[in-house]
């Protein structure tokens, strides 16, 4: 497993009229921790894009257990639990202190500039293998 | 089954640097069609809130098949397929013409003003029974 | 003056923990009415983009008088009051019934694919002259 | 003058189809630095809210000079330049390194729980006076 934890402070813009964080706003937080995970293993998403690769989201899932509120300090934990073949799955936990507020996952695949789904490029798999300690 | 279809035109603010709609922005569209469905069966969410009830999202899921783009005219189709007991599940399809771009679902439960999960109130179940033709 | 009025229903995702629409969310509504104004005079922004032109926002301003709430039906009124030379200014009013909730304006300039500011292209000025009845 | 600088990394969700940050998304960043400024002078906005006070935005303005991009590290600089009487004005600068990308300001007034505009409460003015070194 490879993993990374990003720190977030809830913005007022992320709340809704129920007084808590709007449910869709957890997905951008997942992305913040995913971006950080990729950067830490030497594969900044920004560079992947510049090299002509995209990693669109094929599937997204959230389980909401408890609400985050304005100005809360949260940890967003991203985990790639298994070495990917074609599809890449990342799991997430949103924590306030020790309390898990939300869990979820996203599934991704590589796409080239023409929007065609492709296998993960070799440099990606090699960096990933190194991060997985293989 | 009860259902409703909302019409949406993609806003520029809903796109991202991949040139397509950002994946999290489908969830607010689901909510637009859910709001419309509730209003059409005589249960405007706004009135539920004023009466002290909330219907927070417990679970949300999206499957992305094809991308929506700026200025696309879309149909957001919301379907309550089964009569709910405690939890309420709504399924969604996002269509551009005949093409299904995204499918998904949300799961909800009733909550009172104190944030305590409660059973759906009777007036809700009665209106719903009528809409289901029971 | 050329003008257009778009109809909006406030989404739950656009509210914040004060129970009203978050102030930044008026700018995407301005864009909805701006998009509609451009389309109505035969200059869909989508086609401008495909032709290699962009109209980035140089300046944006909002005056908030009264709050919009979830599920409100609003009119977003966009007005190009003067024929543009280099910069294009559009004024906006957000109305609930007869009540003006918010006013504002945006200022734009043409930019080519390389991000260089350019004069408005001739076909744009011609369509605009026709719309202004000149 | 009192001031504070917040650090931001641009999220993918904040970009648009022009490949840069969507113009409305600078306003939530202004709020991040405003929240930090208030907290640093001992007046966390969260506590103001709990005490029944709100500080809605009456006016917002942005001047866009250059674009921020995905994954950019930015500084959001908030400045209260003059001691407020009834209205509170805060100025902002968004910086990438030494380059100013955007400037802007917001104007606020105090409001009580009933939505009535009120003068700033004494404890607010006292903390502020201390922060201004008066």
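For clarity, chains are labelled A, B, C and D in written order, and residue numbers in each chain start from 1.
Quick note on the criterion: a residue touches a chain if its C-beta (ideal position, glycine included) is under 8 Å from a C-beta of that chain, and two chains touch if they have at least 3 such contacts.
Keep in mind that this is a model prediction, so the values were computed, not measured.
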**Message:** From the C-alpha centres, identify the chain that is farthest from chain A.
**Reply:** C
**Asked** Count the touching C-beta pairs: is B-D or C-D ahead?
**Response** C-D
**Complete:** Whole-angstrom distance, CA centroid of chain A to CA centroid of chain D, is 28
**Message:** Using mean CA coordinates as chain centres, what's the gap between chain C and chain D in Å?
**Reply:** 24
**Item:** Between chain B and chain D, centroid-to-centroid distance (C-alpha), Å
**Value:** 33
**Request:** Would you give the residues of chain A that are in contact with at least 2 other chains, written as numbers and ranges?
**Result:** 12-13, 17, 24, 27-28, 49, 70
**Message:** Which residues of chain A touch chain D once you look at their complex with the stated criterion?
**Reply:** 9, 11-13, 27-28, 31-32, 35, 44-46, 49, 70-71
**Request:** Give every residue of chain D touching chain B within the complex, in rising order.
**Result:** 12-13, 15-17, 19-20, 22, 24, 69-70
**Prompt:** If you look only at chain B, which of its residues touch chain A in the complex?
**Reply:** 17-18, 23-25, 27-28, 49, 54, 56-64, 67
